[in-house]
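Below, subunit A partners subunit B and then partners subunit C, in two separate complexes.
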Partner chain A sequence: MNSRNKYGYLFISPFFIVFSIFGIYPIFLSLYMSFTDYKGIGSPFKANWVGLQQYLRLASDKYFLQAFVNTWKIWGVNIILQLSLALILAILFSDIRLKLKGLSLFRAIFYLPNLMTVSSVALLFLYILDWQHGALNGLLLKYGFISKPVNWLGEPITAQLSVSLIQTWLWFGHTFIIIFAGIQGISKDYFEAAMIDGANRWQTFFKVTLPLLKPIMIYVVITSLIGGLQLFEIPFLISQNGLGGPEGSLVTMVLYLYNQAFKYHNFGYASAVAYGLFLIILIFSMIVFKGMFKEEV
Partner chain B sequence: MKKLLSAVLSMILITTLFVGCGSKTNKNAKELEINKDKVLRVWSFTDELKKPLEYFEKKYGIKTELTIIPTENYASKIQPVLESGVGAPDVFTAEIAWVKQWIDLPYWENLSEDPYNADEWEKDYVPYVFNLGKDSNGNVKALSWQATPGGFIYKRWIARKVWGNDDPAFVGEKLSSMENFFKAAEELKKAGYKIVPDEGAIRWFAKGSDPKPWVNEKNELQLTQAQIDFMDYQKKLRENEYTAMAPEWSPAWFASMQGPVPFNAGWDKLDKVKSDKKVEVFGYVMPTWGLHYVIKPNAKDTAGDWGLTSGPSPYFWGGTWIGVYSGSDNKGAAWEFVKMMTHDEEFLNWWYQETGDLLSYKPVTDKVKDTASDKFLKGQNHYQFFLKEAEKINPNIVTKYDQGIDNIWGNVVSEYVNGKKTKEQAINEFYKQVKNAYPEIITPLDKQ
Partner chain C sequence: MDKRNIIKWLIYAALTLLAAACLLPFAMMIINSTRSNTEIVRGFTLIPGKSLIENYKNMMYHMDVSDGIFKGIWLGYKNSFIIASSVTILSAYFSALTAYGFYAYEFKGKKLLFIIILIMMMIPSQLSLLGFFELNKALKTLDSYIPLIVPSIATPFTVFFMRQYLISSMHPAVIEAARIDGAGELSIFHKIILPMMLPAIATMSIFTFIGAWNSYIVPLVVIFSPEKYPLPVLMGYLKGGKVAENLGSMYLAISMSVAPIIIAFMFLSKYIISSISAGSVKE
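Up next, the complex of A and B:
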């Protein structure tokens, strides 16, 4: 090794130092805490060692299971809507026959919700969805779509659906931009060739665009999965006291973790929940990854 | 590289050593030094301390810095800071929900010791307020300038219209027991009014009529018969349409203070009622701060025509305690501020003039209680009323679990009221959720 290499290490060291302090250390500390009954007071190293007890509790915890199911429901509806909406828009805007105008304007508008702070979004929707004074019920009643106000955030199903829709509204612009870029990345030759061969729009979409978009779609689904399984802010803010809405229907896995740690001070158990969550995300990311690349393997 | 690292590490070690020594010598000193060049750092969860700090700056010539963290995040933000001592405040406040948790932790300076000797002030305070600031060994850790007993705050013009009398004593008699409360609710309903905004409003009376802590000294969960009875009272309120269905802190709830709000008569009977039908709420179950900071600013048009009386049982809700951070290096100024806030007649007199808030410091309350009157309450003497209510409060029912268990209980009761669960299911679910939140608490399910 020559002396120049040494300088190289020096220059990259800040990242590793910061990452060790704020990344690696907490990761190992929470692993350690998950084997204790730490309650958030004093040093975690003085807490009682309880072995695998927290993990055994996690395995039979019906509230965690409920949180798991809630998270999947909310994410599932959201990803289907978000992906279809973004895909339709991306195809419309990239269609060489349609030649839609104002792309940059629309792109900005679609992306706008993503730039708002989540807390303002939550507050906005709390007012829109309020069942007595909310704008949504007001409009629906006025035009006769419903005969009585719907308590959107008061029933488990509508509350979960509301959160899914908010998430979709927040993220479809982001997904649109990625998918649109993906379509732009596909060589025009393919589309022209398909046109010359007499393929109609549907055929072009299913036989050309979609297969070539697959890597981008996988990227979108996996990042959304990782984000979606960690869903926290909107359910936390929209269920005001943070307890998770009607019948606990908005308790996601991370909200459950948060409540265990910061509301009830069960830091040991919350750490075990965090590792459970890590394992779940890892497993499902692998399934998605493997599943979508199946044909090539 | 290694050398640099070891140098940095040893520096850190040495400084922490000195810090350790510093606080020790400070403790032994009888007199606290006041360093006027240091900024006094204060953390709280409301902006209530803004004006007192301005007053303090003028009086003592010490610069201050107030950090406000919203209630929801206060505990989770401040606790790590107090644990580590890094960037910690010199003075911090706690709401009733946290005071019990923090009092037995080494966060607040022991004010019973020299040079503070705050335990000598006991006779100067409303008893329950002073008691809640003591740890389990009886040492004073925190003080409070206010007392927060509750009452029933009502619209006088409705009382006149329905009963021909708006006198607080008369209305208090109308609400003196749960039985009377429901009679009054029926009378109000016939005249087109709703006695309370929502079912949850009466939860405070459930606590007061049978004052037992949620968790006893054996760490067992206690669900009293009175509390179970209140499940039915709440259901009765819903079923008989005695409420406006405007949950606490919702936009409808705030709006109902100003005037009539839309009413929807329960989810499934909506078809019968026109959606533009409006109803008016008669009164609110709120404590001292609710009168000053919630109702007054939301009922400006009707100021002067409100009344204050007692409900079926006494209760208290909230309250802010203040103390000196044990790891502070500016304890002199910190103590001066705490002292000013809680034990300075001149300041507290000014504070009373400024806010009308109920103080816990007797030398001041004794002076003002006979002459106090609140324009908003048609000149009624709110001070005498609240002080009398404060005397009835038993501080022994407060536990560190209260906020968490209250929330869980509120949720299962509303599931029962909404018909989602039977009474047994709701109670069972309550036990399970408490166990899940606090594994150390013994619930009846553990005994089976």
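Up next, the complex of A and C:
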């Protein structure tokens, strides 16, 4: 190593100093707290060491289980809608025979919601979906789609569905852009070969496009899963600062974590929730990854 | 031929409908911010009202708490702008510096350190949230912008992106030539490398800025004083307050909080969309 290479350390040191303090240390501190009964007062190092007790509590906590199920329901509906919508759009716009116009305008419109401040979006929908004065009920009543106001955020099913749809609204444009770029990246030779072999549109889609898109679909599903399992802002703000909506139907895992820590001051337990959540994300990402590659013909 | 045309127009109609549904919440937001409370309660219409100025005055009046310290939404803009621009500048400079350190030099532990960056890219932020809060409590930096700004010196994804950029578009001969000319290592970075990295820096900066502008959970947890709230936290705070009693004012506040992003998107949409497309194909 010549003397010049010591500059390497110099150049990366600000990053690693800050990273150790604000990035890595908190992760270990969370881990440490998850083995204590720390209540948020004083220092976590003075709290009692309780071993795996918080994790045992987590494993038998029916409220966490409910949060787990809620999160999956909300994410599941959203990913199915988002992915199908994005896939249909991507296929329509990349069809060489249709030659649709206005791609950049439509793409910009579909993508716009994704950049919005999520807390503002949550508030906006809180008012739009309001039972009595909401703009949506107002609109639907006016044109006779419904005869009496629907309490969108008042029933567990419609509340969860509303959050799923908001998530779809926020993300389908983004997914569309990624899948569309993926289709553009597929060599035209494949499509020509399929055409020469006499494949119709459906056959081309299922036998050529879809298998070649698999890596991108996996990427989309995994990133959406990681984000979706951490869903917080919309349920938090749309259910009156974390109360969790009707029958707790909007309590997601991160909302549960937040409430345990900042409402009930159970920092030790909340840290165990954080690690439980991390484990869940890790396991399911691996399942998605493995599962989607196994289907390969 | 005719049948194909009909299908095509049906597709256009469906796409237009989808685009309209996509824009409808924005329309509701903007139109309702011009209507009075009684008009909004009566139902929704696409025709704008005449109460915009009234709504604005009412919003400002009710936001002006704690004896004028808290100057409503404009203070929220200022706070968000200070935070987001500091984050963007720090993240851009130090990520470029770190990426260049990894690119241009050989040193012990280089591979391991880079693997740590890759792993940290994948760890969900919730894992560190509580530890981060406790750390700042111990450092007595709660209710300040330090926990929001300083950590952006270390942004793993941006470092990763910029290193990829250096590998794909920089030629080592450029550095060698500068060294032969007798330039010092730091001035090579500042005078030659940094300008050459501008395209990558610009791309990342747009996303960093929007991300920082929109960020919610960390400021929610570490900032307590309303006069220090960035916009997203301020919006959540308004909900429980007097502003929310007037629906028009509330819609106006929401519109104002997203206006900068909508305006920025109008100018940068092509650039933003092509960045996403390019990024996804490489992955």
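In this text, the second predicted complex is superposed on the first by the 294 of 297 C-alpha atoms of A that agree within 3 Å, B and C clash if a C-alpha of one lies under 4 Å from a C-alpha of the other, contacts with A are read in each partner's own complex, and residues count from 1 in each chain.
Going forward, a residue touches a chain if its C-beta (ideal position, glycine included) is under 8 Å from a C-beta of that chain, and two chains touch if they have at least 3 such contacts.
Because the structure is a prediction, the values reported are computed rather than measured.
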| item | value |
| --- | --- |
| Simultaneous placement of subunit C and subunit B on subunit A, clash or fit | clash |
| Subunit B versus subunit C as contact partner of A:257, first or second or both or neither | second |
| Subunit B or subunit C, by number of subunit A residues touched | C |
| Which of subunit B and subunit C A:133 touches, first, second, both or neither | both |
| First (subunit B), second (subunit C), both or neither touched by A:11 | second |
| Which of subunit B and subunit C A:111 touches, first, second, both or neither | second |
| Touched partner set for A:238, first subunit B, second subunit C, both or neither | neither |
| First, second, both or neither for A:61, with subunit B first and subunit C second | first |
| Which superposed partner A:272 touches (first subunit B, second subunit C, both, neither) | neither |
| First (subunit B), second (subunit C), both or neither touched by A:163 | neither |
| First (subunit B), second (subunit C), both or neither touched by A:79 | neither |
| From 44-52, 62-70 or 80-88, the subunit C stretch with C-alpha clashes against subunit B | 62-70 |
| Intersection of subunit A interface sets (partners subunit B, subunit C) | 10, 127, 132-133, 141, 241, 262 |
| Complex contacts: residues of subunit A adjacent to subunit C | 1, 4-12, 14-16, 18-19, 21-31, 33, 43-44, 89, 92, 97-98, 100, 102, 104, 106-113, 115-121, 123-128, 132-133, 135-136, 138-139, 141-142, 169, 173-174, 177-178, 180-182, 184-185, 216, 219, 226, 230, 232-233, 237, 241, 254, 257-258, 261-262, 267, 270-271, 274-275, 277-278, 281 |
| Subunit A to subunit B touching residues, read off their complex | 10, 40-42, 57, 61, 63, 127, 130-133, 141, 147-149, 151, 240-243, 247, 259-260, 262-264, 266, 269 |
| Complex contacts: residues of subunit B adjacent to subunit A | 1, 72, 75-76, 79, 83, 105, 245-246, 249-252, 255, 261-262, 264, 267, 270-271, 275, 404, 407-408, 411, 415, 420, 433, 436-439 |
| In the complex with subunit A, residue positions of subunit C that touch it | 4, 7-8, 11-12, 15, 18-19, 22-23, 25-26, 28-29, 32, 40-45, 94-95, 97-98, 100-102, 104-108, 110, 113, 120, 123-135, 138, 147, 150-151, 153-154, 156, 159, 185-186, 189, 210, 213-214, 216-217, 221, 231-233, 235-236, 238-240, 247, 250-251, 254, 257-258, 261-262, 265, 269-270, 272-273, 276-278, 280-281, 283 |
